[in-house]
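What follows is a structure written as structure tokens; I'll ask about it next.
Naming follows writing order (A, B, C, D and E), and every chain is counted from residue 1.
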Amino acid sequence: MEILVYRSSERKITEGVPVEQLPELLQDQSAVIWVDMESPTEADEQVLLDVFNFHPLTVEDCRENRHYPKVEEFPGYIYFIVHGVTSDTSPDRFNTIELDGFLGSNYVITYHHASFRSIHNVRQLLRTSPIACQRGPAFLLHQILDQVVDYYSPVLDDFDDRIDQLEHEIFTLKQPNNAILAQIMDLKRSVLRLRRISTKQMDILLRMSRGEFDLIPDEMRPFYRDVYDHLVRVVDLSESYRDLISGSLEAYLSVVSNRMNEIMKVLTIFSAIMLPLTFIAGVYGMNFDNMPELRSRYGYYGTLGVMFVVAVGMLIFFWRRGWLGRGDRETPEG
Amino acid sequence: MEILVYRSSERKITEGVPVEQLPELLQDQSAVIWVDMESPTEADEQVLLDVFNFHPLTVEDCRENRHYPKVEEFPGYIYFIVHGVTSDTSPDRFNTIELDGFLGSNYVITYHHASFRSIHNVRQLLRTSPIACQRGPAFLLHQILDQVVDYYSPVLDDFDDRIDQLEHEIFTLKQPNNAILAQIMDLKRSVLRLRRISTKQMDILLRMSRGEFDLIPDEMRPFYRDVYDHLVRVVDLSESYRDLISGSLEAYLSVVSNRMNEIMKVLTIFSAIMLPLTFIAGVYGMNFDNMPELRSRYGYYGTLGVMFVVAVGMLIFFWRRGWLGRGDRETPEG
Amino acid sequence: MEILVYRSSERKITEGVPVEQLPELLQDQSAVIWVDMESPTEADEQVLLDVFNFHPLTVEDCRENRHYPKVEEFPGYIYFIVHGVTSDTSPDRFNTIELDGFLGSNYVITYHHASFRSIHNVRQLLRTSPIACQRGPAFLLHQILDQVVDYYSPVLDDFDDRIDQLEHEIFTLKQPNNAILAQIMDLKRSVLRLRRISTKQMDILLRMSRGEFDLIPDEMRPFYRDVYDHLVRVVDLSESYRDLISGSLEAYLSVVSNRMNEIMKVLTIFSAIMLPLTFIAGVYGMNFDNMPELRSRYGYYGTLGVMFVVAVGMLIFFWRRGWLGRGDRETPEG
Amino acid sequence: MEILVYRSSERKITEGVPVEQLPELLQDQSAVIWVDMESPTEADEQVLLDVFNFHPLTVEDCRENRHYPKVEEFPGYIYFIVHGVTSDTSPDRFNTIELDGFLGSNYVITYHHASFRSIHNVRQLLRTSPIACQRGPAFLLHQILDQVVDYYSPVLDDFDDRIDQLEHEIFTLKQPNNAILAQIMDLKRSVLRLRRISTKQMDILLRMSRGEFDLIPDEMRPFYRDVYDHLVRVVDLSESYRDLISGSLEAYLSVVSNRMNEIMKVLTIFSAIMLPLTFIAGVYGMNFDNMPELRSRYGYYGTLGVMFVVAVGMLIFFWRRGWLGRGDRETPEG
Amino acid sequence: MEILVYRSSERKITEGVPVEQLPELLQDQSAVIWVDMESPTEADEQVLLDVFNFHPLTVEDCRENRHYPKVEEFPGYIYFIVHGVTSDTSPDRFNTIELDGFLGSNYVITYHHASFRSIHNVRQLLRTSPIACQRGPAFLLHQILDQVVDYYSPVLDDFDDRIDQLEHEIFTLKQPNNAILAQIMDLKRSVLRLRRISTKQMDILLRMSRGEFDLIPDEMRPFYRDVYDHLVRVVDLSESYRDLISGSLEAYLSVVSNRMNEIMKVLTIFSAIMLPLTFIAGVYGMNFDNMPELRSRYGYYGTLGVMFVVAVGMLIFFWRRGWLGRGDRETPEG
């Protein structure tokens, strides 16, 4: 448990405040207290119950790790859950890490089960410009949320690249491929999860930015609205990614179907040329006594000529049907 | 009919209270009475009508067994129906059992047609810690509902496992298989039913947790909100399962289609190699008198050589088209 | 036109009241008057206009027969249209019959173009227990609506059976079959119609049960809510039937596609075994002078041996690919 | 510009009123003035601006011809756009014609760029029963809108017939056919357009019928509600047509796929019977010196017998698989 | 930074006002000031912060270039973002350019990162008719927005043409073609983007036109409603384009599938005719000693006759199945 205090009278930040000073500090309405709990012990959790008097259910919610983003108002404080993206998130596997927290009149509490990049960044920021705390805990919370949401941007760019790459793979596909299909499905799953999480997060920020909570003063609302706008963009892009991935699946199926067409055409062309020729050969392989052609001097060469004409005729027939090109190999825009 | 009474003055629970004492007990507003009816007799139902004065239609609703989750307010009591999962529920066949009930100012009544695990658990709990009744009937009802909803979690995990297993089966499928198709359809049906039931249940808990009913006091609302949050998770997961199952169907169809491609390729390769060779053999099987090659000393070996060249040429042709690999057998990430 | 009057003073029902007494009867607020018009004449309709003073447009709506369920309030009366299922309704062809009606402070009027089972049932009911009228016209109307909605239940069961049977047919299908496809489409059409009608009907009952109309007193609301609950179930089931039928179509298409796979496999196996054998036979059918094998004593038997080896090799090749089983014939769970 | 005036004092209609009298007429609140503009000149439009003082943007909207149905209230008048169906509308090409208009306290103005059937009909009607004007301009407008909506009915019937015919064509289809596909797409486009237009029109009538506009008095509301009900039916049918057309497309694709199955079966049966026979003939066409069968007296007939047995065996094999019937030709219900 | 001032006293426009006069000008409530910033410098942005006192977040939003259309009210001014179409927009690649802006009581500020056609047009317009400024800054803003929206019309027409052309290409397609598939997907992506942008823009105009902002006076609302109506049309058309493109994809897949049918038919017809003939030839190529037909004088000709009869029989068989036509080549309506 890391306790960090900013006193407006001193205009500087004190880190590593011992937990025993908390009750006294909370009396000081001019202070801004930030308690960050990373993988807290039971003793730490007891502080939440005893010193801050939070509702036991919220502390239990913190401990569990399977909740969706939400915000709830209690007398004297707000309890929220948001999700940050983990550093190992990829378009194929979208992972989030839960950040629980409380906002009171003079404190912000953050609670997470593992190291959290955004929290770390904000602490660094405060060390260099403690003045940011001057605007109160709601502004401090805004900065944390802003950092959390900022980490969604590179993930969105990754999705963009991944979908582009996937489409390229599909259109240059040599043969149907279960691996590509599995990739499409992984991507779809990730995007659906991204959309679900970010939609819920957007709802929370909407509620925070429209003045529903007294603990977030009116002059802070544009800042929360700014975070909200970023999430609108995340949700919107995730929806367009979903459409693109659906399109990729359709494209994949269609490309596979075109390939089937090509296979069938090859089979048909071979059969249609070879079968008649083999038939002709078969005719003159018959052992009838009375087959004048067999005795003719140029019968053999004439037959070869007929075979040649038949083969060329077939090729012309297929060429006129447009079957001899390899249109399905044409890459778009190339 | 099991009657259980908690008297705050005595701080202990009395079980097996005879039904005759009910009218008198109901006068005692400090008592918490829990009447549990398992497959009740007509006499038991008469108690609901005569002692509790419930609306005849609600008692009739209890008796019937085809209702959806709902909650209705009547003067002096709330009538509710929730659905618990049965112990034999599996992802292929999602079954629920109906729990009807009434909440009054000092009583909770539960009504079910078969043994109900959650009810049993709560009774055990009360025996060990009767103090739980201290908080009144609304808290007792919360504990029952909490238990009911808790039993959804293992079912969700089963779904998760089942879908994973299904996808594995699909991607390692040797040949199209109606059994897998039927499994997908069973799963889909179960998930749709799970979603329908849990959505309705979520609506009920939302109404209970936002202070719509006076019989659920304000300090109880966080507890109901907690159950509500669990149901939000159930609904959300059931929606993502539905998406996954739709994806599985698409994957299955695509894998089947890839297999067809493979079959066609085998056919085409065989035909395209064998037909020209057979044709060549046919030519030299003709019986023309004047076929100089037949008389040539090495005609036979030359012809065999030509056949070999043709066959190799065909193989190269298909190899360059990428048809000779077995790309559709590639398992993703394996 | 059948007029039936219940006078609370006499506690009995009088049937066959002549139309001339209507104006006088309507003055008696303690009476409950039920006017049932089956395929009414123009004179009957004139009564609606002259004696009851209904809006001409509503009487016109009664006469026409293409309206959707609706309810409209006019000064002094409610006008409603509901749809009952006809007795010849089947899952393949869902038919409804329109029931128009009016509810006033002391009368109910029902209007229908053909014999209506529910109306008939309620009249029978009243003859045996006239006391049902005691509760006023709103209760009488409730009983009619309850009967109308009750007739939906067997239809829903028919749908259930029909869909089960259809799925069985699909999974044991020997060959693609336009008749099954047409059945699926008929079913889908029926279900969509059922859903549309019952959704509109549900909306009407919702409005009736939530106290929107003064003519339906508060103590009647649980009864209307009961009918509403039944309709919720109808709508819900019709939605799940729609999902099941969509699933059936997907299953049908997939089964057909599996069958195609099987056909292709048979073709490929035959071709892949026969073409090489025929080629070998062709080689030794060539007429070259110098073919030492032809002169060899055991050349013929050796060749037959080679052919046997090739055929067996091919069978092993296909067996290892899993093509020789008939997996697509496997019935699920069997 | 056709001006038609009804004076309640005279109880008769005057047609062909010169435009110069308009300003004076508008003062007479007891008059009902109908100004109909068919392909108006600029001078006519100037009257709208100068005499009626309409907002310039609404007059501009009239002039342009690409607007959707809407209704807007301005001080002293309502401006509306509705769409009528053109006389050349067919299910394959659904066309509408725009009718702009204004409703004031004592006037109705209609504005259209081409001859408009409904307008013509209402004028005929007024000539025979001028009393219709007695009820004021809102009733006159109702009659116009009623006529406009009435012309949708035959179009809906045409759609019904067309879809029935299409389904018949699909199920008796001899071979896949791009023309049918194009018809399905034309129909779909028409239905989507019908639905879009009629939904917007329905919204307008809903607003008109629920008392939003003071210029439509309360006693007129049932009449507008009647037109609204008609539009509800149009929207509803257009939605069910959309479903039916989607079903037709699925049916078409499935029928085409069945036909493919049939083609493949024919190919497979031919190949599977002919290839083994040809192989046997090939064996005895080999030129080995030592082939005892060739010397046998009944070798030839024995071989023919074997071929016959193989062919019959194959037929039995396919007959038992159910491939010899032509199940896909079965027409439903026939 | 271009500053343009209209003073109602002078009734003329002054362009190129130096930035230093701004603070003084802003005091003059009768003036209309338009500040247009094209790719502004940091100094320019400082003016927004220092002279106009805009919220720093809005200025930051201006600078960034990835925002969606929105409108936000601040004390004393409105901040908005709209998107115009770029001049290089095509149906295959729909591009927009962001226009940020502020509306105050006597000023309009526009901010864009590149040359903006609509802004340029409005400036030209003002030079010729400065009177347009007479109506205040809200009217000036309306004119800008009107120009922005007007540029969507030609884009919609391009979409229309492109979809028509695409459908023509699909129905005259010679062979499956990945390029067409890629075109469909590009079009779909563009249309989805068009719809997303224009829907958001429509929401903004709706809010502006219904009197939500005091800075837009009531008499301006019809003008904003006019722009709103245009956007309704854009949204509506984009939705119908989306439907048409989905239809195109279905048509493409179906046409490809028909082509496959055709290929299979060709293969089947060839095989079914050639295989029996080859078999017959094979029979008489057998080397049995005792084959009387071989010795017959007309055996050869008889055999050729039989072959001819078989071939004709096959053709009749396929002709009666309707396989010999080329129905899939039929172009619709041709």
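Everything below uses one rule, namely that a contact is a pair of C-beta atoms (placed from the backbone, for glycine too) under 8 Å apart; a residue touches a chain by one contact, two chains touch by 3 or more.
Please read all numbers here as calculations on a predicted model, not as lab measurements.
Participant: Starting from the defined contact criterion, work out which chains touch subunit C and subunit E both, please.
Facilitator: Chains touching both subunit C and subunit E: D.
Participant: Kindly list the shared contact partners of subunit A and subunit D, in label order.
Facilitator: Under the touch definition, subunit A and subunit D have E as mutual neighbours.
Participant: Please work out the Cα centroid separation of subunit D and subunit E, and write it as a whole number of Å.
Facilitator: 25
Participant: Can you check how far apart subunit B and subunit D are, centre to centre, with Cα atoms defining each centre and the answer in Å?
Facilitator: For subunit B versus subunit D, the centre distance works out to 41 Å.
Participant: Listing for subunit C: what residues touch at least two other chains?
Facilitator: Residues 257, 260, 264, 267, 271, 275, 278, 282, 285-287, 291.
Participant: Chain contact topology under the given definition, line, ring, star, complete or other?
Facilitator: Its topology is that of a ring.
Participant: Which residues of subunit A touch subunit E once you look at their complex with the stated criterion?
Facilitator: So the residues of subunit A in touch with subunit E come to 167, 171, 222-223, 225-226, 229, 232-233, 236, 240, 243-244, 247, 250-251, 254-255, 257-258, 260-261, 264-265, 267-268, 271-272, 275-276, 278-279, 282-283, 285-291, 321-323, 325, 327-333.
Participant: Hey, which residues of subunit E end up touching subunit A in the complex?
Facilitator: The contact residues of subunit E facing subunit A are 55, 57-58, 61, 66-68, 70, 72, 74, 174-179, 181-183, 185, 188-189, 192-193, 196, 249, 252-253, 256-257, 259-260, 263-264, 266-267, 270-271, 274-275, 277-278, 281-282, 284-287, 291, 293-300, 303-304.
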